[in-house]
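Presented below are the structures under discussion, each in the form of structure tokens.
Next come two complexes, and both contain subunit A; in the first it sits with subunit B, in the second with subunit C.
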Partner chain A sequence: MEIETEDLGNGSLVRVSGEVDMSNSPTVRDSLMNLIAGKTPAIVVDLGRVIYMDSSGIATLVEGLQETTSYGGKFRIAGLTEKVKQVFELARLTDVFDIYPDAEQAKEGL
Partner chain B sequence: MPAASLNSPESSPEGAPQTSLPESVAAAENAAVELGDLRTRVANLSRLIDVTVLVSSSLNLQEVMNRVMAMAKEMMDAEAASIMLWNGELECLEFEMTVGEVGVDSLKTIRIEKGQGIAGTVAESGEPMLVADVTKDDRFDSKADEATGFVTKSILAAPLIVHDGIVGVSEVLNHKAGRPFTNHDLELFATFCRQVAVAVENARLHEKEMKQSLLDQQMKMAAEIQRSFLPAELPDDEAKRFEVSAFTRSTQDVGGDLYACEVLPDGRIGLALGDVSGKGVPAALYMARVVSEFRMMCSKGDPPSEVLTALNAALARGKMRGMFVTFVYGILDPATGELELANAGQLPPVLARASGSAQWMGSASGPPLGMIPTTVYQPEKIKLEPFDTLLYYSDGIVEAQDTSGEQYDPHLLADVSEAGTGARRVLSHVLESVEAFSRGASQADDMTLVSISWEGGG
Partner chain C sequence: MKRFQIEIPSDPACLKIIRSSVESLCGMAGMDENESCKIVLAVDEACTNIISHSYEGATDKPIICEGKIEGSTLFITLRDVGKKVDPSKIRSRDLDDVRPGGLGVHFIQEVMDRMEFKDCGEEGTCLFLEKIVSNSGEQD
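Moving on to the complex of A and B:
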């Protein structure tokens, strides 16, 4: 799993790649909580290169969403790969998250 | 044993030859000095033996350090003694114990890196060190003196070395007679510290083992407590109108899967399966909360969709680090075969028809519980035919992998359809199939299966 954060000026883009599971979801959490601590107005999480995500990874995103919403910030998810998208659809997570086809589209209108 | 050399004839007063009077006085004085010196050395050696005994007599780290430091101070006739242990994580020495005028509390915050001050130099080189006069040694770091108000004049410092490296450094400060420490003192102190190192390391390892075994014990207790949140037994219908079966297995001592089976006040049967996000202790605690709240909320026999809506609202209150539970709840009326389901983010159950076909049923009408407090879940109803079976499964079942990394997922419907009828038979057939499929591959997730069959109105 790799993670990098990019400043968008009006928010931040968090690019995650690889497999997100119990062993590394705390790293993703640290990155998100860092941005949340600074009340970043918008966070876009690009999952375009995530090939697998377990429930601990999803919980991390849920927490990110809950925390961002609590101060009126935006939390968007972009670029679900086919397998991750399937999990999101089956579990109706599509009802929970603001999901965009890719990071470029997610950045629009921030 | 080195003590034998102390009894050698040349240093023994009984071995002195006959001489004239003045010579005799001088010889006697010399002999007395030698005797005094000898006594000290014998006493010191017997203290070394005491330390050796101590190595095997106590495994309490604090007690061992306390005793050896008191012994070091007395043996070296020093004003103070201290012991610093190496903290591998922070890569520094930390004060653990002092005896003498200064308390260790004022030193607790001081961290000494390798190469820093006298202790740091010893930790780096692994060699004992004598500083007869600290004012003449640039390496002396007065940080500890400043923290305690103690005035260090002369230091003996020795490493505590065990087979795989330095575990700490011990120091004695200021000879009580006001004289600087000598090389002879250093040799004795270094020998002493070799024994201390073994004692400290033994106590440290023992403490670590005790902590681990306590942790293991607590995890086993937690697992037992967690099991108590699952049904001790499943309802058995004397009229043979329905059959219920369940299986669960965790990959760790405690798991995140749960199931519940409740006989409702009107005789209908409530059956639920949940899968908590994450694993280990946090998942187990969350699971206990989910089961408790669910059992309370379902007890009146409200429709599954309403129970899930209420349960979700309760779980979504308060910060739970994003934790959630996928959950499916169904109620079977054994009198009519009517089944009502609601699903919160859980994989769709499988309906095994008595006719030998299988289909998905009751896919999620909303996200997992605990995410958004306002979610409203929708019901799904179906009238079962006699000997139809409904099967719930956790994702550990469909994500079970074979040795080539393929998932069991695509085989589930086919395996259910050929299982035959009855809750027990369907469950055991699927379990056997999953186990055969994933044989030789390690199980990554908790596995839970719950089934209920309607055997007709009775």
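Moving on to the complex of A and C:
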């Protein structure tokens, strides 16, 4: 799993790639919590290159969403692959998150 | 009949070995990629529960995974030697309560046709999972 963060000026883009599971979801959490600690006004998490995600990855994103919205920030998900979309659907979370087809569209209107 | 048996340490970094084996078996059972991905997720969640609850995070304990296809059914058995599971306490949570965590059992129950815990001796638990294969036709 690889993760990189890009400053968008009005927020941050977090690009995740590879497999997100119990072994590395704490790394994703650390990245998100660093941004949240600084009250980043908008966080876009690009999952376009994630080929697998388990419930620990989903839990990390739910926590990120709740923490960001708690201070009035925006939290957007971009680029769900079919496999990861299935996991969101199993968790019945597709209506809970703001989900965009790709990062470019998710960055619009931040 | 196609089968595998592997033993991994209870280290989360090793779960991809089980995921890969289960994915291969699903492919041999003729499952499409989406169905296969769900089975892999269910087995993975069961393994993470073993690590978190039966072994309380210890990374050097054994997890034994057996998989086989018999007829139109895929069978997965997971064995551990950790704290015994009380099946009456295994349940999924209310998904309307949106919060981090607690989704693993829901995923397993949603995906698999059977989930049954059994006592397997002095220590540990066996978890039996079954899935009827909707895409018939085993692959070589």
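Everything that follows uses one rule, which is that the second predicted complex is superposed on the first by the 110 of 110 C-alpha atoms of A that agree within 3 Å, B and C clash if a C-alpha of one lies under 4 Å from a C-alpha of the other, contacts with A are read in each partner's own complex, and residues count from 1 in each chain.
Everything below uses one rule, namely that a contact is a pair of C-beta atoms (placed from the backbone, for glycine too) under 8 Å apart; a residue touches a chain by one contact, two chains touch by 3 or more.
Because the structure is a prediction, the values reported are computed rather than measured.
Asks: Put subunit B and subunit C onto subunit A via the superposition and say whether they clash or fit.
Replies: clash
Asks: Identify the partner contact of A:E19: answer first if only subunit B is touched, second if only subunit C is, both if each is, neither if none is.
Replies: second
Asks: Should A:D95 be classified as contacting the first partner (subunit B), the second (subunit C), both, or neither?
Replies: A:D95: touches subunit B, not subunit C.
Asks: Going by the contact rule set out at the top, does A:K83 touch subunit B (first), subunit C (second), both, or neither?
Replies: second
Asks: A:A59 contacts which: subunit B (first), subunit C (second), both, neither?
Replies: After superposing on A, A:A59 lies in contact with both subunit B and subunit C.
Asks: Which partner, once the models are overlaid, touches more of subunit A's residues, subunit C or subunit B?
Replies: Tallying touched residues of subunit A, the top partner is C.
Asks: Out of 204-212, 330-338 or 366-374, where does subunit B run into subunit C after the fit?
Replies: Stretch 366-374 of subunit B has C-alpha atoms clashing with subunit C.
Asks: For subunit A, which residues belong to both interfaces, subunit B and subunit C?
Replies: Shared contact residues on subunit A: 22, 55-56, 58-60, 62-63, 66, 90-93, 96.
Asks: Can you list the subunit A residues touching subunit B in their complex?
Replies: Subunit A residues touching subunit B: 22, 55-56, 58-66, 90-93, 95-96.
Asks: For the complex, give me every residue of subunit A touching subunit C.
Replies: Checking each residue of subunit A against subunit C gives 19, 21-23, 52, 54-56, 58-60, 62-63, 66, 82-83, 86-87, 90-93, 96.
Asks: If you look only at subunit B, which of its residues touch subunit A in the complex?
Replies: 256, 275-279, 319, 321-324, 326, 344-348, 363-368, 371-372, 375, 395
Asks: Going by the contact rule set out above, which residues of subunit C touch subunit A in the complex?
Replies: Spelled out, the residues of subunit C in touch with subunit A are 11-13, 15-16, 19, 33-34, 37-38, 40-41, 44-45, 48, 51, 95, 98-101, 103-104, 106-107, 110-111.
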